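Take a look at the structure set out below.
Labels run A, B, C and D following the written order; every chain starts at residue 1.
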Amino acid sequence: MAIQEMLKLDVTQRIIEAAKSKAEELNVKEDIAIVDAGGNLKAFARMDGAWLGSIDIAMRKARTTRFFDAESAKLGKMSQPGQPLYGIEFSNGGLITFGGGIPLEDSSGTIIGAIGVSGSTVANDVKVAEAGADVCRKSKWATA
Amino acid sequence: MAIQEMLKLDVTQRIIEAAKSKAEELNVKEDIAIVDAGGNLKAFARMDGAWLGSIDIAMRKARTTRFFDAESAKLGKMSQPGQPLYGIEFSNGGLITFGGGIPLEDSSGTIIGAIGVSGSTVANDVKVAEAGADVCRKSKWATA
Amino acid sequence: MAIQEMLKLDVTQRIIEAAKSKAEELNVKEDIAIVDAGGNLKAFARMDGAWLGSIDIAMRKARTTRFFDAESAKLGKMSQPGQPLYGIEFSNGGLITFGGGIPLEDSSGTIIGAIGVSGSTVANDVKVAEAGADVCRKSKWATA
Amino acid sequence: MAIQEMLKLDVTQRIIEAAKSKAEELNVKEDIAIVDAGGNLKAFARMDGAWLGSIDIAMRKARTTRFFDAESAKLGKMSQPGQPLYGIEFSNGGLITFGGGIPLEDSSGTIIGAIGVSGSTVANDVKVAEAGADVCRKSKWATA
């Protein structure tokens, strides 16, 4: 019997739908990836016309975020030349340290995964990821 | 303007739903991956409790299938010791050549992608992948 | 706040100690790796004189085991030429499908990780891994 | 008979314990990796709640340190844009060149391995690594 997962597929799909709706509202096309608490892919969707190169970036943003339990953009500030974490991107098979990765917390504030979005400007990617994370934050399932 | 995609996200999601329903009917837990005509991931879903190791296998089955426009199982017969394609798994960063990968054809019979399923016996994986491929075959969108 | 881990370091270290004691009893030298429920490395130890090549194999055995929630040897039976999972080793960056990987269950029977052992004959590797898994099975911490 | 190792497992485990104690004193959670003179992993421990992304970074810091027999931070100064070793991180499958990697010397000053620590600020990582290296420096075993 395997351990019970905290990030269920039905909630994951609602997170993706919310992110997609936000992307449509902003008129952008995004790749959306969601990883669970172990950093393993739970679901992915590529909107029609979204960049092929963003498939991998969305996944890496999600993984980077869960790996350090922080928005991917936060890491990027510390990884600039002259900053403390310069070159951290070379670890873990390649990190992505600009915005678009947001931790997924349940309603108790526990981090249970991460969402990574890529396909538009970083500012838009972050907005779309936030829309997904909001759905997770409002869910009660993970604390039940 | 990028090339118009033949495999749309909404159909892709219906394919995944059909595969998931079949898996539930069979009482198995599956990882389901769908790639487009370019062999690039379009969508992915991991059912609750499905194997972590099947994330990668489902994706590779889909990719292997589209790479050679044939069910992954067909390749596996030819890659056995002494057979013509022995060792083909070493190519393309690692192929998976047992059953569970099925080409996605539209209603005109054109191959527009592939589905890869992993998580149960190969026989069940194939049934689940077929349920997804059926949805695609009955769709008219791709020929419109 | 990150999700609470079920496989704690102090238990992990007791598992490694038990495996090491078994190896000493058998007069063999082993590499011992333990991954958590997410398949991520929790702890590792290489006994003095153990093979360098077994560092990676022990880790892969542990990961393979958790990826499919089954002893690594079980997979190996199904991955032989002519068998259903022939070539599965090409997935997940390289699986190891011979014996020496055992799921780690807590006292409730829930799988919370895996142990992988490499360094001697497969028969000895399995015995050493079992000694580690026994410690985990007798622990109450994961059900508390 | 294989070459006799200078970095024994029992000392390695005492090094890890000392590093862990320092981390607890500082109230931080660290991933701790130790490599031997050949740059190969000897032992690893991830403290409860420590970042998943630091598993790989701790190992790379240790390897980077032994590869050039210098604290990882020293390399980082020379790898900044415009500096002599700019881009050195691309070598060896990915180096990590910020602080947290310290050479392990025995009481004679001979370098016999390296410790890499990741999980907190670079300043804390260095302190924790130093606590581990101190244990090694005070040991007589390696010169016996």
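One rule holds for everything that comes next: contacts are C-beta pairs under 8 Å (C-beta built on N, C-alpha and C of every residue); 3 or more make two chains touch, one makes a residue touch a chain.
This is a predicted model, so every value here is computed, not measured.
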Centre to centre, by mean C-alpha position, how many angstrom separate subunit B and subunit D? 43
Report the inter-chain centroid distance for subunit C and subunit D in whole angstrom, where each centroid is the mean of the CA atoms. 25
Just curious, how far off is subunit D from subunit A if you go by their C-alpha centres, in Å? 30
Going by the touch rule set out above, which residues of subunit A reach two or more other chains? 2, 38-40, 69
In graph terms, nodes being chains and edges touches, is this line, ring, star, complete or other? other
Which chains touch, pair by pair? A-B, A-C, A-D, B-C, C-D
Using the touch rule from the top, collect the residues of subunit A that touch subunit B in their complex. 2, 5, 8-9, 12-13, 38, 40-49, 52, 55
Subunit C residues touching subunit A in their complex are 1-4, 6, 36-40, 69, 105, 109-112
For subunit C, which residues are in contact with subunit B within the complex? 38-39, 64, 66-69, 81-82, 84-88, 90-93, 95
Spell out the residues on subunit D that touch subunit A in their complex, using ranges where they run on. 51-54, 56-57, 60, 76, 79-81, 89-90, 94-99, 121-122
